[in-house]
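Listed below are the structures to be examined.
Look for subunit A in each of the two complexes below; its partner is subunit B in the first and subunit C in the second.
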Partner chain A sequence: MRGLRDMNTTAEFETNTSEGAPGKAETQDKGRGWNLRSLVGGSRTCDTTGMPVCLDGQFFIRINAVLAVVFLLIGGVAAILLALTRWEAVHLLPREWFYRMLTLHGLNMLIFWILFFEVAVLYFACTTLLNARLYSRKVAWVSLGMMLTGAVMVNTVIFQGKADVLLTSYLPLLAHPAFYLGIILVAVGTLVGVFNFFATLYMARKYKTYEGSVPLVTFGATAAAIIAVVTLLHGAIVMIPTFLYSMGWIGQPDPMWYRMIWWGLGHQSQQVNVAAMVAVWYMVATLTTGAKPLNETVCRGAFVLYILFINIASAHHLLVDPGVGATWKIWNTSYAMYLAVLASMIHGFTVPASVEVAMRNKGHRKGLFGWLTAAPWRNPAFSAVVLSVVIFGFIGGITGVTLGTQQINIIAHNTLRIPGHFHATVVGGTTLAFMGLTYYVVPLLFRKDYILRSVARVQPWIFAAGITLMSFGKSFAGSMGVARRTSTIGPAEEAYGAAVHVFLGMLGIGGVLAFIGLMLFVLLTVGTLLLGKSNVGRPMACWGKPADLEGADMRSRPEHEEHKTPGTVILVGVFLLAFAVYYFANWAALADVWHVR
Partner chain B sequence: MTEKKHIIQRLMDNPWVLLVLGVVIPLLSYTLWGWIELLMVPPAPLP
Partner chain C sequence: MSLEPPKKDWFQAPKGAERVWIGIALAWCFVMFLMMPYWHLFGKQNSTGEAYKVEPRAFQERVEAFVEANQVGELDGQPVVEPPPGGEAYLLARMWSWYPVLKLRQGETYRLHVSSLDLQHGMSLLPMNMNFQVLPGYDHVLTITPTSTGTFTIVCNEFCGVGHSMMVGKLIVE
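== the complex of A and B ==
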């Protein structure tokens, strides 16, 4: 369990026991207020990991995490209603309520659930992992107050039927001013939380609460925070004039301009998720198997590629917009963005590879995949993260890069293929990873052991199966031309043919399964908070960890084999093959559009 | 005497430089360039 800190061998806790020059002693004196190890009353030592926990940080992590789950529940209820509507044979909601629920679903799932949870992750990464106390309790309250007020305003206005404009709220569609003001409050509140993170980072560095580089998880959280700054800047640029317009104080902003700036908010907010999700992958891999990154510098380099290049991927939402030229589109969605894709592939290799190394070092060396079969599959955090890596990479990543190609985008734009893609990244990837982390957050920070542990072990599988099925259903239906953001295929049914009902049925059944998985997660988590057995004074109940086989000491493995990962290399080969097949199949589909005779 | 760090390591250890680069690159490549492209679109002639 000490692995989270041990992961970064260059950074150790400052013990404040060394006697140095007066200058250093003075710095250490001032630093005692920031160092969790020497902070009286403001911290505790985790009974499971032995790591210091900032009590202020813990308080706000708890509140943000609980609110995140509440918004997940709201978004989830909207999701099942939508799935049962797009399942043409059921077609539950009338058109008006379909758009209302779609707006509610988008904002609660893509914005509120994710941002509240990310603020919790940021507070954890800058306090416990850096041995520092949270910069400011007041700032954390301001952040929380603004975010919560904004989210409640937005949801209230949506339920009142005054904001049926979807998540994108493209002009000239116009919602009630409270809708835009609510989003501004959430965005600024998150920015305030991000400021608290950076300020804690600054104080921890200034007063040397840690030595060397920050741990990799904190580095990943820093990448997420930097991307969040860009995202929220775009949010301010687009939402403030739109709010003023909704009040009747200025003229209508240009719709093309609105689309471009809005996607600087809308897509980049999902890149915050990606960076945070990858940080969670590393964290859970360490917690569950004791894995350490194969190469810290390479992993950090991949995060730097995210920071520099992932945000410009927003351009692929404008690939069919006439206002921006081909050079702008191709540069932003291809050449530069591929550096960010490279980063994802690096993480997609290093996370399973680090698990393979850890498992082989424990003695599980039978064949190519003996390490994988012996992995702690009964641990829901581990299975959630493995499924997250697979769904994010094989479905979300491959489809994302393909659909983001300008030429191919023309046959997929505004079809169900697009939500088929991003449900695999944001839900199958990010949400599932966050669910996995929650199986440690609740026992470690709320200090309650999970109830119904056998149900928890299957929950990630049910959720993953549902999301995968739904994503396939959407993608195949979209390949037949079914449009997104419509409640029915209606009069176009004959043009699609009967097979479309099979895929829309897959969408619906997948949605039901995913909803069951989500409800199990919410019930398990809320149930544990209310009824779970306290683990204060003892380590959390173990989810199950891989056994150390006899004679499995690192030294028993030949030195030249210490970092060999043949199983992961095979898996990466399968991934690249799937990528190539899907990519070229799409070019073939594009070629079919023009009949050259 | 402390060992001199590689420039890439120094970059990775400096969140403030990363913050500036992370904000400036997308603002130039996506936002500013795109905004200029939109400003250069001629008004559509009304029928």
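== the complex of A and C ==
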């Protein structure tokens, strides 16, 4: 972390290390130009990084992060019940409760946990990184109030058994109006939070709180925010008529129309996660190894590709639907010729490459992978992000593109292959990355050092192993035709081979392991908030950083080698090979089934 | 680094391995994109999404007429219906059954009309693992050619209420 402090000129920032609530801290705006606005709240200088921390921002990051973890816990409890039900040999829940828990799980994990955490990431990226202050406390309160009210409404109505419609609530399935109203509140509340982010960006630019272009992480967060706006507008377009219909005020919207627009919300919100996750990859790579992007233009360009092309992924869910033609399906499912996939493949290179360059510059130059073995593996944020990159790329990414291929979708649609894919992206990828970041958020913004640090060091591994095993179990069972969102395969058992029970067992054991990893994360984090030692006035306890080998600094590396990343080249080569093998193996499998057009 | 504003001259073309990787990745993206139109021209398994608007009740009447004209037997209380080779066949999805049991011939091509009487359903043909979405109000036409024989299972793979997992049907190919 010393490197970070060195790179900042701390003298610019006021020092206010008091632990007071926002608003109490003395407001000094010297050199920030911000005093032109009558905004409440001061800032402090981070004891670890030397970066400025907006106290308003810190306050709302804390609340949003804590609530996010609460929803993660609710979703996690539902998850273990589901895993133990789909593990056919255990088959825990009666069917009503299976679908109820599935609804609860989907909303709390995919919507509440992620959105609350993302609002926290946005507030961080627009304040600390820009030396700016959060635009408005009032707006942040409105956002928080709406999101929380909506989430509580949704969970209440689910537990009452009035919304057993799963996350997608496909019409003509109909839930209690409070279900839709709750989702609308969460969506609009998030939009309000995103507005606060954009307003802060605007004010920071106007009052020149930083020079030149915004940092890469802020840029990535902005990409996520832009996609979020488009996403949430889709949510409004589809949820408002559905709410009105559930009240009996208008006729039933068309089910096909509902599917198309709903997935404009449902799939794109996952692309918000991808953009936010990649921003977190860059952030943690910097925090843990001092990595910096090889080429800012490339990284930013890749984020722009997300904004431009990721928005049409609604088609992934309509590939075997009636009523939309093949041309539409091909163009949209491929994000206009896979340009958004290109973006992920670029990030998949630049993130490890930036770490490789940083490590080589520290003197770790032995062989192809000396930089990797010397990396700070005991740092849970680092290991979480490495595992996130690997699981997202090798499992989530490869399966996602393949299953989203128009024709291959015939042998994948609505089978367990689909949750096998997206648990690798959104759980193994996004959630794991967010967990890794939390190992810095708590010490830096809650100012408490983690308890049971050795447990924290293994937590990402347990969680990653569980998710990977579960994802494999689902994918294999799905390849045998096992449907997703079904409480039991019992009535159709003879249609599957006996091996299906092995794979459903894998799903169950992986689920248990992932749940243990999740509970460790929640207990460690909540335990730290309650019992952790305060680190006010001193740098956070170091998780472990790569050693600076003696006499090695950037200048000792020959200039022409500065951008050489032979280890990363091998890694991406292996990735492309795995991608191509899986992709064409699926075409081969497709060629075996009945002919259809 | 990623947490600070970049240097003023950050707008640079990529170099070295990074540049090569972007090129390779882009080429791979084009390969994947071209595979889909290629398969439409030369492959045998495609989802064209051919569909027509239809009132659920009207569709049900067409199914009943189809069953009446072509019934050849009964299986587990469901009529077994053999459509003329190369002709039209109907399959109705409803909570929570598939109606009727179709009897097809290997190598013959059928225009299979699938629709729902109530909620959304998913037609999953096992053990081939072929899956198609079934919506109320849409007559989804699959031009399908069975290439293997035996008794096949159709399960519903779109959540359709509490009896969803019991929605299992049969399909016979001779």
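What we mean here is this: the second predicted complex is superposed on the first by the 551 of 597 C-alpha atoms of A that agree within 3 Å, B and C clash if a C-alpha of one lies under 4 Å from a C-alpha of the other, contacts with A are read in each partner's own complex, and residues count from 1 in each chain.
Definition applied: a contact is a pair of C-beta atoms (placed from the backbone, for glycine too) under 8 Å apart; a residue touches a chain by one contact, two chains touch by 3 or more.
Source: prediction; values computed, not measured.
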Inset, instruction - For A:324, decide between first (touching subunit B), second (touching subunit C), both and neither. - result: both
Inset, instruction - May I ask you to decide whether A:297 touches subunit B, subunit C, both, or neither, giving the answer as first, second, both or neither? - result: both
Legend entry - Partner touching more residues of subunit A, whether subunit B or subunit C: C
Inset, instruction - Applying the touch criterion given at the start, work out whether A:537 contacts subunit B, subunit C, both or neither, answering first, second, both or neither. - result: neither
Inset, instruction - Determine, under the contact definition given at the top, whether A:251 touches first (subunit B), second (subunit C), both, or neither. - result: neither
Inset, instruction - Based on the superposed arrangement, let me know which partner A:173 touches: subunit B (first), subunit C (second), both, or neither? - result: second
Inset, instruction - Mind working out whether A:217 is in touch with subunit B, subunit C, both or neither, as first, second, both or neither? - result: second
Inset, instruction - Could you give the residue numbers on subunit A that contact subunit B in one complex and subunit C in the other? - result: 213-214, 254, 256, 297, 318, 323-325
Legend entry - Touching residues on subunit C, where the partner in the complex is subunit A: 1-8, 10-18, 21-22, 24-26, 28-30, 32-33, 35-37, 39-40, 43-51, 109, 118-120, 122, 124-148, 152-153, 155-162, 164-166, 168
Legend entry - Residue numbers on subunit A that touch subunit C, as the complex places them: 4, 7-8, 51, 95-96, 99, 129, 164-166, 170-173, 210-217, 254-256, 259, 282-283, 285-287, 290-298, 318-326, 329-330, 333-334, 337-339, 341-342, 345-346, 349-350, 353, 401, 405-407, 409-415, 479-481, 483-492, 494-497, 563-566, 568-569, 572, 576, 579-580, 583, 587, 590-597
Legend entry - Footprint of subunit A on subunit B - complex, ascending: 8-9, 11-13, 15, 18-19, 21-23, 25-27, 29-31, 33-35, 37-38, 41
Inset, instruction - Name, in rising order, each residue of subunit A that touches subunit B in their complex. - result: 198, 201, 213-214, 219, 222-223, 226-227, 229-230, 233-234, 254, 256-257, 260-261, 264, 268, 297, 300-301, 304, 307-309, 311-312, 314-315, 318, 323-325, 328, 331-332, 336
